[in-house]
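The data blocks that follow each hold one structure.
In what comes next, chain A is part of two complexes: it sits with chain B in the first one and with chain C in the second one.
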Partner chain A sequence: MASETQAHPPAADHGHDAHEHGHFGPEMWVIPEAPGLVAEVNEKQNAPSGIFRMVLLAGAALTILGIVGFVLKAITAGFSDHRAWGFYVAAFAFVFTLTASAPLAACAFRFTKSHWRRPLSRIAEIFSLVSIVNILLFIPALIALPDIGVATESGELMVRRSIWFQELVNPSGWLLAGMIGLSFCSVAILWLAALPDMAQSRHLVSGFRASLYGRLAGGWYGTKRQWQVQKGGLAILGALYFMMVVFVQFLVVSDFAMAMIPGWKDSILPPFYTVISFQGGLATILLVAYAMRRWGGYRDLIGQAPFWAASKVLLGLTLLHTYHLFAFFITYWYGRLEVEQAILNYLMFDSYIGIFWAQLFFTFFIPFPILVSNHARREGWGAPLAAIFIVIGLLLWHIRIFAAAFAAAPAVEGGLYYLPSDAFSFPALLLPVPGATFPDLWDIFMILGGVGIVLLVFRIGMMLLPPLSLWEMKEGSMYQRVDTLIRGRYLVLAKPE
Partner chain B sequence: MQEGKVLPAAQINRDLLRSILETPRWFWPVVSLLGLIVLAASITVGIMINTGLGITGLNYKVVWGFFITNFVFWIGISHAGVMLSAILRLAKAEWRRPATRAAEVLTIFSLMTAMIMPIIHTGRPWRILYWAFPYDFARGIWPNIRTPLVWDPSAILTYLTSSTLFVIIALVPDFAVLRDRTTGWPKLVYTLLAMGWEGNPRQWKLQIIAGVLLSALILPVFVSVHSIVSWDFGMAVAIKSWHSTVFAPYFVVGAVHSGVSAVVFAMILLRWAYGWQDYIRHEHIDALGRLLIVVATGWFYFLVMEIIFGIYGLEGDELAVRALQFLPGDYGVAYNVWMIIFVGITYFLPVILWLPKAWRRNLWIMSAACISVNVGMWLERYLLFVPGQANKQFQTFTWNDYLPQWPEALIVGATFAFVSMLMLLFSRVFPLVPLYDIKEGDILRTEMQVGRRTLTATFRED
Partner chain C sequence: MAMPGFLQQLRDVMYPPSRKQAILGLFQDAESAATAGDALKDAGVPDTDYDFLTDSPYPEGSLGEREEKHRLYLYPFIGALLGLSSGIMITAMTQVAYPLVTGGKPVLSLPPMAIVCYEGTMLGAILFTVIGIVFESRLPKFQLGLYDDRITQGFLGLRVNAEPEQRYEVIQIMNSAGAVEVKTDQ
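What follows is the complex of A and B.
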C-alpha cells in the first residue's frame, strides 16, 4: 500500500540535517522592510564613504590621462594610418562591451522574475549613462576605420571584405546611428526604471537633485495605470534593447575586428562577442555591487543572495565563453586551410600567444574553479573575485582581437586585402603572419582613460540617482516572508503573475 | 502564478498511474498500427540491404540525404530532455515538473532512433563495427579517431547512457509506488527496479543529490553531442556552406528549439489521451511557449549569422551554393521555395502564434505551432546539407541533384511511428508524469496575502 513507503520527498528537507538553521539561512534572502529604505539610501547618497570619493577622483584623473593620451596620439600619429589606433579601438570596444550589456542584465532578470535581482537592477541601469560616453568614444574609432573601397592610380576600384559587401555604402553613418539608438534606448530604460524612485525621493532631497527629480518624475503619482505603463514600457524597451545590443555588437565586432584581418571569415565571432559582453556586463555589475556592499555602507541592503544567484549565471556565461572559443578553434584547426591556420597563428598560437593564454587563464581557468565552489559563491566573495579576473581577461581579449585586427590590416591597397571590386573570388590571406603589436605610452593612457571614464560617469550616476532600485526592493519585501515547513525555516516567495 | 489546486497524494497516484493500471480501449489498436508502419520500414531496410543503396536517391555527389537529415533531426529532439529536466531543475523552475519525465524519455527514444539512421545509411550495417574496432591488425588499419564520424557515436552513446541513468534515478521513487500497487510478476519487476526504496530521509537525500549531480554533469554532454554532430559537417572543407564556425551553437540551439516543441506537443497529446488536465495545465504550456519564443529567437539569430557569413567571404564556390539556396533559377530542385517555407514555419509562424498569451494557452494553436517548428527544423537540416553536396558551382559536369525515393521516405516516416510507439509502450509500464515531483511541488506550494490579493507562493530552499 501507499503507506508502506514515503512516496514523496520530505519537502524541502532533502535530508539536510542542518535545516533547522537553514542551508544558507533564510536571512540571507530577506530584503529589508520598506519603511526607512528611501531615507536610508538618500542618506548614504548624501554622505558617501571615503573610498567612493576616491573613486570619483581616480575616475576624473584617469579620464584626464586618457584625454591627454588621445590628444598626443592624434598629434603624433594623425588619423591617416589606422594602425596607430588599434589600442584606442580596443579600449573603446572594452568599455562598450562591458557597459552596453549591463543594463540588459536588469531587463533580463526582471523578465525572468528573479527575486534576487532587485538590489542589482539599478546598478545595472546606471551603466546606461556610460552609453552616452560610448557615442563620443566611437567617433574617433569610426574616423580611424579604413575605407571599404579605394581607387588605384589607374582608377580601378579596389575593395575589401566587409559586412557591407561591395555596395560601398558608408557604414559610418549606420554604425553611429546604431550606437545613438542604443544609447537612447538604454537611457530610456534608466529613466523609466528610476521614475518611481525619483518621484518618491523628490521631497527628501534638495538642490540640483530636487530640481532634476522634479523635472524627470514630476508627473508620477504611482497610480495603477502609471505602474502598468511603466512595467509594460520596461518590458518592451528591454526586448528592444536586447535586439539592438546584439545588432550593434554584431556591427562593431564585424567591422572593427573581423573585416580588418585579411581572410578572417568567422560566423561565430558576433555571438561569441555577445556572450563575452554578457559575461563582462554581469561581472562589472557584481564588482560594483560588492564595492557598495563592502565599502559603501550598503551591507544591509545588498545581501549575499544576489552574489550567490548571479554567480551561477556568471558560471554559465563563463562556460559559454569557453565553448564558443573552442567551437571557433576546432573548426579552424581541423579544417587545415592555409588562410585559417594563419588566423589561428596570428591570434592564438604565434604572434599573440602570450596574451592569448593570459586571457584564457583570466576568463576561464581562474574564475571557473572559483565559481564552481559552493563555498566561494555562498560567502559572497567568490563572484566578485571571479569577476575581477574576468574583467581583466576581457580587457586582454579586446587587445588581442581589436588591436591585433587594426595592426593586421594593410595601410594601403596591396597584397590580397584590397581586390578588384569585380573579383570572382576573394581568397584574402594573412600571409606572412605579422608579429604582435605593442602599445606606446599614449595607448596606455587611452586604455586607462577608458577605465577612468566609466568610473567617473558611473560614480556621477550614483550621486544623481538612487543607486538601488527602491521600488523593486519594496516590491520584493511584499512578495517574501520566512515561514516554517516541517522542521526548517525557509523563504517563501510569491510570484504575482 | 501557479494555477490548479493542490491534490491529495492518493489522487495523484490514482490519476498518474491510470495509464499503467488500466488500459484505454484505443491503446492496442494505435500501438498495432504504429507497429505495422515500423514493420513495413524494417522490411524496406531489409530490401535496401539486399539490393543496395541504389534504390535510394543517393548518388556519387549527394551522399548524405534523408537518412542523415533524419539522424540530425532526432538528435535534435533528444535535446529536450536535458533542457527541460536538468537546466530547469537547476534553475528551480516550478513549471518544469510535469514535463520532465516525458522529455527525458523522449530523449532516450529519439537518441535510439537517431543512432539507427547512420547504421541504415551505411548500406552494409555490419561494417559499423569497423568504426569501433580495428579490422586488420596485420596491416595496421585502425579507426581514424581524428574524424568527427568517430567522435559522434562516442558522444551519442555517452549521452544515451547518462540520459538513461538520469531517467532511472528519477524513476526509483515511482517504481516503489508501483511496487506497492501491483501484484504477481509486475510486482516482482517493480520490486527489482525499486531497489529497496522505502522513502526514508537518507534515500531521498541520495536520490536528490544524484539528480542534481547528474543534472550538472549531463549539461556538458548535452552541449557536446549536438556540437559534435554539427562538426560532422562543419569540419568538412570540401563542401561549400558546411565549413562554418557557428555550426556548433547553432545546432545546439536549434536542437533545443525542436526538442522543446516536440515535448510540448507530446504533453498536449498525453493530457488529451490520459485526461491529465490537473497535471499538465495551461500554465505549463504557457511557460514553455514563452521559453520557446526566446529559444526560437536565439536560433534565428544563429541562422542569420550562418547565412551572412556564408556570403561575407565572397568566395565564388560558396556564393554558388548560397544562390542555389536562396535565388530562383534553373537548378532543378527549387531550394529557394523550400527555404522560404522553412524559415516561415520554423520561426515567423510559431513565434507569432506564441506571442499572445491567449494563444499560448490554446492547445490547438500550441500544437500547430510545435508541429510547424518540427517540420521546419527537419527541412532546415535538409536544406543545410543537400544543396552544398549538389555541387552546382562552376564546373557543370560535377553538378548533381537529389530526389529521395520511396524507401527513404517510408523509413524516415516510420521513425516517427517508432518513437510514438515506444512512448506509448513506456507509458503503459512507467508513469510519464513523475509522481514524486508533482507531490513535492504541491508540498512546496503555499499562499501569500499581498494587499487585497491572495497569491500563490513557493517555499524556496535557496
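What follows is the complex of A and C.
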C-alpha cells in the first residue's frame, strides 16, 4: 500500500515547525510510493466519494434538461432561421473552448518535462472523451449555419464573406472533418497515454473494464521499445494536436462569429479565441484536480505543487486574454470607420454592455488579484478559486460573441449581408446597431445541458480509466525526493533528460 | 482461449514461430536486473534477445540495455505529404472543373485553398502517426505472453528469448543476480 509520501513528514507534523519545510507547507510536494500505487488508485476508483456520485447525477440531470431544451427549440423554431440558434452555438462553443484545449495541457507540460504536471496529466487527457461529444454538438450548429451563397428571384448570385473556396453552400463538410480529426487526435493521445496504466490495471479490474483494458492495452509489456515509441508518439501527436486545435478554433470563430456579423474583419479574434481556450482549458483542469484533492479522496496523491505552478501559467494566460481584449478594442477605436464603431457598440458599449463588463470582472478584475497573491497560489486554493470566476466569465464571453453574432446576421438574402458576388469593394455595415438578444427558456436549458454533458462524460471517463497517470507518477517518484538542505526540507529533483 | 484461424495465421506472419524459449526473471530492484543484464551480455546472449519489462520508463541506458531505434518519425511526414497532395487535388480539380469567379478572386485562389490543404495535411499526419504507433510498438498482439503482475508493483522483468541449449545457463544467471522468481514458457 502506498504511504503518504516518500521521505515525507507524517501528517501530525503539519505546520509544526516552520523550519521543517522551509517556506512550504508539508502538503506542497506529495510523492507517492510507486509500489501499490496501481492498487490504491483502483481502490479509490471502485469506492468513489460522494462528490463524484453527485457530479454524475447532476451531469445526467442537466444533460436531460439540455436534450429537452434542444428538442423543444427544434420543434418551436426549426432550423430555417439561424438567429434562433445563437445561444445553442454559444453553448457548443463554450464546451468546445474549455475541453478542446485541455488535452493540450498534458502534452505541453510533458514537453517541458515539468514534474508538477504529473497528477494533472490524466485529468487533462480524459477531456478527450468530451471531444467525441463535441462532434455531436457541432452537427446542429452546422445545420444552423447559413449558406455562403444564395440566388435571388431574378437569378442573381448573392454571396456573403467567407474563408472557404468556391463553396456556396454551408461549408459543413470541411468543418466537420476538422472537428473529427481533432477528436481522433485527442482520443489517440488519451489511448497512448493510458495504455501502460490500462495494462497495469487489467489484473485488478473485472467486467467491462477488464474487457476494455484487454482490448485497448493488449500486447503492452512495458519493453524499452514500447516506452520509446510511446514517448515519441505522445510528442508527435501532441505537436499535431496543437497545430490542429488552433486551426479548428480558427474555423469555429471565423465561421460562427466573425463571418456572421456584417463587416466584421478582425485578425486579432482567432488568436484571441485560442488564448481564451488555453485559459479555459487550464482553469477547468485545475477545478477538477482541486475537487479530486479536496473532496475526492486524492489528497495523498495530489499535492499543492501542481496548483502552485499552474497558477503562474493561468496568471499569464489571464493577462494575455486581457491584452487581446484591449488590442481588439483599441484597433477598432483607432480605426473609427463606421462599421468598426458599430461593432464596438454592438459587442461592448451598447447592446451587450452589461454582459461585457460582467465578463471583464469575471475574467480579469476578480481572478487577477487572486492569482497575483503569492499566498493564495502557494496554498493551492488560489488557482482553483480564480478558475471558477474565469469559467463563468468565459461562458459570458461566448454568449456575448457567438449569440450576438448569430443575432446580428440578417435572416434574409439581399440587404447588406449577402452582396452580389462582384460587389465586395463595398463594406457591409452593421447599421443600425441591433439590440441585445436574450435567451428563452429552451436556450437556458441548452446552456445548462452543455455544462451537464461535460460533467457526465468526464465522470464516466474517470470511472472507465485510471484518473491519475500512474506510470508518470511512478516515474516521478523515481526522480523526486523531499530532502533536507540546512534547516529546511526541499524538493530534490533528478533530471535525466 | 482458442484463436480463430485467420488471427493465428496473421500472428504467424507477424511473429514467425521460433525454436527459442522465453524465460522471465523477476527482480525486486533495478540494480539486480541490470546486473543480470550485464551477465547475460557477458555470457554471449545477444542484446536483441532480451528485454527489460518495467512499469514506468527508466532513463535511457540506466539498465545497460541496448539502444532501441524506431522509425515513428517517418510516419507523420508520409501522412502529411499524402494529405497535402489530396488537399491540393481536391481544391484545384474542383475549381478547374467548375470555374466560378467569387468576389473578383482568381479561380485558383491560394488563400482559401491553403485552408483545405492544411486540414488535409493535418488529418493525414495524425492518421499515419497512429498507424505508426501501432506498428512500431508491435502492439497488435492477441495473447499476453510471459509476464508477471508484480511488474505493475515496481518489480522489474527481464525476458530472454534463449536458445534451448542456453536455457539452463540463463536461469542460473538470473538466480545468481538475485531474481525473486524465474518463469519459463515451457
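Basically, the second predicted complex is superposed on the first by the 458 of 497 C-alpha atoms of A that agree within 3 Å, B and C clash if a C-alpha of one lies under 4 Å from a C-alpha of the other, contacts with A are read in each partner's own complex, and residues count from 1 in each chain.
FYI, contacts are C-beta pairs under 8 Å (C-beta built on N, C-alpha and C of every residue); 3 or more make two chains touch, one makes a residue touch a chain.
Keep in mind that what you see is a predicted model, and the values were worked out from it rather than measured.
**Q** Scan A:Ile163 for contacts with chain B and chain C and give back first, second, both or neither.
**A** Both partners.
**Q** Identify the partner contact of A:Ile330: answer first if only chain B is touched, second if only chain C is, both if each is, neither if none is.
**A** first
**Q** Once chain A of both complexes is superposed, is A:Trp357 in touch with chain B (first), chain C (second), both, or neither?
**A** neither
**Q** So in the superposed three-chain picture, is A:Trp381 touching just chain B, just chain C, both, or none of them (first/second/both/neither)?
**A** Touch partners of A:Trp381: none, neither chain B nor chain C.
**Q** Output check: A:Ile268 vs chain B and chain C. Expected answer is one of first, second, both, neither. What do you get?
**A** In the superposed model, A:Ile268 contacts chain B only, not chain C.
**Q** Identify the partner contact of A:Met478: answer first if only chain B is touched, second if only chain C is, both if each is, neither if none is.
**A** A:Met478 sits against chain B and chain C alike.
**Q** Is A:Val492 in contact with chain B, with chain C, with both, or with neither (first, second, both, neither)?
**A** A:Val492 contacts chain B only, not chain C.
**Q** A:Phe184 contacts which: chain B (first), chain C (second), both, neither?
**A** second
**Q** With the two complexes superposed on chain A, say which partner A:Phe349 touches: chain B (first), chain C (second), both, or neither.
**A** A:Phe349: touches no partner chain.
**Q** Which chain A residues lie in the overlap of the chain B contact set and the chain C contact set?
**A** 163, 165-166, 424, 478, 496-497
**Q** Within the complex, which stretch of chain C touches chain A?
**A** That would be residues 51-60, 62, 65-66, 68, 70, 72-73, 76, 91, 94-95, 98, 100-104, 109, 111-113, 115-116, 118-119, 122-123, 125-127, 129-130, 132-133, 136-142, 144-145, 147, 149, 151-154, 157, 159 of chain C.
**Q** Could you please specify the touching residues of chain A with respect to chain C in the complex?
**A** Those residues of chain A that touch chain C are 34-36, 38-39, 149, 159, 163-166, 174, 177-178, 181, 184-185, 188, 192, 196, 199-201, 203, 218-233, 236-237, 240, 243-244, 247, 251, 421-422, 424, 471-472, 474-475, 478, 496-497.
**Q** If you look only at chain B, which of its residues touch chain A in the complex?
**A** 1-2, 9-10, 13, 90, 173, 176-177, 180-181, 197-202, 204-208, 223, 227, 231, 234-235, 237, 243-249, 301-302, 305-306, 308-317, 435-436, 439-440, 443-444, 446, 448, 450-451, 453, 455-462
**Q** Could you please specify the touching residues of chain A with respect to chain B in the complex?
**A** Touch list, chain A to chain B: 1-2, 4-16, 23-24, 29, 161, 163, 165-166, 246, 250, 265-271, 308, 312, 323-324, 327-328, 330-332, 334-337, 423-427, 478-479, 481, 483, 485, 490-497.
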